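Note that chain A is present in both complexes that follow, paired respectively with chain B and with chain C.
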Partner chain A sequence: MTAPLVDIADLVIGYDTGMRQVRALDGASLRIDEDETLAIVGESGSGKTTLGMAAGRLLPPEAKVIGGSIHVAGVDVTRADDEALRRLRHDKLGFVFQNPTTALDPTLRIGRQVALAMGGRPPPEAIAELLSRAELNESERILRAFPHELSGGMAQRVVIAMAIARRPHLLIADEPTASLDASIREKVMSTLGRLRAESGASLVILSHDLRMVARHADRVAVMYGGRIVELGSVTRVMQAPAHPYTRALLTAAAGNERPGERLCPIPGTPPILESRCEACAYADRCAFRETRCDTERPEARPFLGREVVCHRAEAVIGAPTQARQEDR
Partner chain B sequence: MRLATYLLPRVLAALVTLLGVSVLVFLSLRLLPGGYADILLGPFVTPEARAVIAQRYGLDQPLVVQYLRWVWAMLGGDFGVSMVTQRPVIDELLRRAPVTLQLALIALVLALAVGYPLGVLSGVRAASRRKRRDFGRVIGAMGASVPDFVLGSVLIFVFSVWSLWFRVGGYVPLGVDPVGNLRTMLLPGLTLSVFGVALILRTTRDAVLRVMTEPHITAAVARGASPGAIIRRHILRNAAIPVVTVVATYFGFLLGGAVIVEVLFSVPGVGLYIFNGLLNRDYAIVQAGVLLAAMVFITINMLADVLYALIDPRVGVSR
Partner chain C sequence: MSGLARIARRGRPRPNGLTIFGVVTLGCLLFLGVFGPWLPLGDPSRIAAGPRLDAPSAQFLFGTDELGRNFLPRVVQGIRSTFLLSAVAVAITAVIGTLLGMAAGYLGRHTDQIVARGADILFAFPALVAGLLVAAIMGPGQASAITVISIATLPLFIRVVRSVTLGVAGRGFVTAAEVAGASTLRVMLVHLLPNVMGAVIVQLTYALSIGMIIESGLSFLGLGVQPPNASLGSLLRQGSAYLTIAPWMVLSSGVVLSLAIMSVNLVGDAVRDALEPLKGRPLT
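What follows is the complex of A and B.
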């Protein structure tokens, strides 16, 4: 068996914030294969961005890797020197950020920025061809524009074009549609999916919108409290979630609410960890909680064709469902 | 947005400022003890002689009338006549302006050449090491807090004792002897530039630190751009935006306010002329000099606003 494209093992990352340290990742483990789309979902603060940025060691200086390892395309990311990292980012990785207008240099014309992303002085046809792959027409006008002159959707397509310019093996998109109009989210997601399929790269989508990303992904990883709590194929996980948090996420966004109707949010708030969690981080909010959940840290285990971090997976999967499965 | 609509409010604000400056300089001169008569005729001046002088220069009129006459004459292009030399003030000012301009340019070039690169370096270092107390901070704080006259006096002392190549005083026009000119102008230029170095260094450093946390820099790092390329292509340009404003203010200050240094080093520029005018209570000189300096200052800042709009497309002046 060949080594996976990404192998993250037991990763622990903390942010130094003056007085205390916030533990954003508390033993996250994840493998990503070649040529797949993986969705990583979780509420705000669950550690998605930290995990995604860690893959390219793009974390801010206050972030400290406390334990675990990250291997991407054969590079030991936590140990590699600056030049090896730069090569890895340059040759193998592509990033798409949440807010496209701030991800572009406000003082440079789009044409210049795209050219820089392509590695200097590409012929004009190559630039136009790249933009059209990202479904941007009118490339003349766009190339002459400054970032603030583009709509959010266009700017995000430019960012996507720049991310695929050097044919990365791994494309990491952090909430790529969160700042866009609802009407174009699906289209931008489809573009990303199409580009991935054409290039045979792997795509990681970080999002809090489980239903939306599930339509575009092969596998889904659910994050909670800085760990991956359930990881499996989209079909399996969505049809029969084995982690109570996944189950709650699906109920919260059942997809059958009418416009204007409020979603039922998951009661309680996600934890902010300061040290290793010695219990189940979700216990406080969990309907399936038992004594063990408060005293014993659950470890990842294989369960019905997926991996789950829950003492009560058997009970969760057997429980009657309310609002699930409607739109798949 | 059109350039005109961008500039119009600024022009209006400038006019209001000039009005304020004119009132201020006019009043503060009148509030100073003594007048031209005391200077001209000495301490034992008789009331009669004083009255003759006052009448001759219209100083016997009510202040409002004096002020309005002055402003009215200026609107007609007449900036007044020096009581001491009986020559039009504007001619004297224009004759000295190139000297002050040269001094200002020397100080500006020195300040930019030292302050900007050091600011970038210090900002990049501070950002990458998360260490906020580096040399940039120290130089910035020191340079900004040493007064011109202290630094100037030290330099004069040092270079009077060991002349080295420099010369203290003994101004020679640039056109007559370029090398001799530089020998006398470099020390005052250097004195003036120290504050500028500190100012530009600090502004640049803060701007660089701010730019480095912007997402588009992370995006460039994520694309695998080399640190040198990121600094050259993204940081320098973005960090220049606030620096432009500060440099313009500094340059305006140099053009209008190099009085102390010009006096200290006997550089026959506008500042020395205004200073002497003040000593002689030669009202026309000080009034016209200060007002013109304010005008230059405001114009420079307005130009900076335009330049700012050219560097930062978001400000949005169509070109």
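What follows is the complex of A and C.
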């Protein structure tokens, strides 16, 4: 296939909050190919969940698509009729949610929920086989259990099994490990990655943990202020970030600091946009700010094998790093 | 959070004295109401079964009324019609209210606006005024009593079910079902309905006691159950004319009505505590 699996072009989405409209996405563009793992990284409020949910038109009713388009497997998601959308969701999409305890119906046994996700009345062997692919043993016991009787890690594996039940082409995982114990995060991520590789689907991981996703993704998209500010292969972006926000995220996150070194939190808070941002949304918190950052909206441009939305990318990539490169 | 819930679920709350009193009283009243016509208590409509306005005695435990009818079977018949009318009305209302509340909470937008505003309007109506209006339109009788009880209790169901639905509909499993291609009806029946049932059951008991109050109020005014049939409300009205010379009529029907409403409320509290184990109980 030549067309990308997902093609999001200049997408603008706002939420009506009664008095005013808040923009969650302010011109986000993104292409996702078949058979790849893309991580979308950003703070809370950066628009990553909105972007992920928009791919299946799963946004709450207050959300309005103001401009741009989303095509998933050739279907125009924002304009498709309900039946076309239902087919697309059923045949092509799978979602893994942040919190497995709310992603499973507390009133149904696991077996029934998995069966519903598989589309009705699958044979019992098929259910057991699906669970074992998600690395769940003791399927007898799990199928009879109610969600509150499972541990968080097991519940998340059930959610993953349900997400891949219909062999989706696009799997969207919204903070799949955020609510799990640190000790099993890595295992659950590996399961997710292995299942993706086996099925040849594309996996989109939405996360705020840049270092964690770096170990599992091929490409990374960094979101800020409702736009994708840097998009490129994980190795390139992680080793030499070209956007000051990516750079700040790397220095703010714990992971491989040396003894005595300080973590640098990013000053300020993310912006709340009410209309199209006509400057750089990150300017207020940026160490590389110059006058045109406040007057001119940066556009996406190719830069050293990636796309970046920054007037000062050359200066950012040339700046001395605080020696954080021996990661990976 | 889930750990706490798990611990709380393990230990069932021990029923306290009030709960036991409520369950026993309600059980006795329901037994009398259901099996009353077949119990050897006497004929409720037989005139001149004894002397008129006779005081309670071994033969007539609750005395007799102004037509010499045995008052005990009349009270039992009153229990039956008061419970039956409000139960029928509340059952119908619960079904309608649950469906409307789920639709409002899940579909949102215009459906929500219409249903929620409609519930507000019904809620603003005093039950007595609604009763007079309905009785004027439909004529006094059981049908208008049922209608009035429905009007008064419908917003209770809509509001509670709507708010619970709003919480449930935002959870992952509803989205997952939508992604799996489930129809709106299927999401509502398979996923939403079981999750709102707890709230509906709690609301059911409160609505039942409100229904009984409304039914007796209407019958007291002569707009509900019509003679010669008796309801607790109409017996109160009948007895109030003879309050000074035959107080047993008002006393017996009034005490039974109070017991009925109190026991329904006590059972309702117990049901609520059982379904929401974390509320109102120490965590230890």
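Criterion: the second predicted complex is superposed on the first by the 317 of 328 C-alpha atoms of A that agree within 3 Å, B and C clash if a C-alpha of one lies under 4 Å from a C-alpha of the other, contacts with A are read in each partner's own complex, and residues count from 1 in each chain.
Rule of thumb we're sticking to: a contact is a pair of C-beta atoms (placed from the backbone, for glycine too) under 8 Å apart; a residue touches a chain by one contact, two chains touch by 3 or more.
Keep in mind that this is a model prediction, so the values were computed, not measured.
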*Taking chain A as the common reference for superposition, should the pair chain B and chain C be classed as clashing or as fitting?*
clash
*Quick one: classify A:146 as touching chain B (first), chain C (second), both or neither.*
first
*Give one of first, second, both or neither to describe whether A:279 is in contact with chain B, with chain C, with both, or with none.*
neither
*So, does A:86 touch the first partner chain B, the second partner chain C, both, or neither?*
both
*Once the shared chain is lined up, is A:95 touching chain B (first), chain C (second), both, or neither of them?*
both
*Does chain B (first) or chain C (second) touch A:103, or do both, or does neither?*
both
_Residues on chain A lying within both footprints (that of chain B and that of chain C)_ = 56, 58, 60-61, 86-87, 89-90, 93-95, 97, 99, 102-108, 116-117, 148, 159, 162-163, 166
_Going by the contact rule set out above, which residues of chain A touch chain B in the complex?_
56, 58, 60-62, 86-91, 93-95, 97, 99, 102-108, 116-117, 146, 148-149, 159, 162-163, 166
_For a test of understanding, state which residues of chain B touch chain A in their complex under the given definition._
127-130, 213-216, 218-226, 233-234, 237-238, 241, 311-314
*Which of the residues in chain A come into contact with chain C in the complex?*
56, 58, 60-61, 86-87, 89-90, 93-95, 97-108, 113, 116-117, 119, 148, 159, 162-163, 165-166
*For the chain C and chain A complex, residues of the former touching the latter*: 1-2, 5-6, 9, 108-109, 170-173, 175-182, 190-191, 194-195, 197
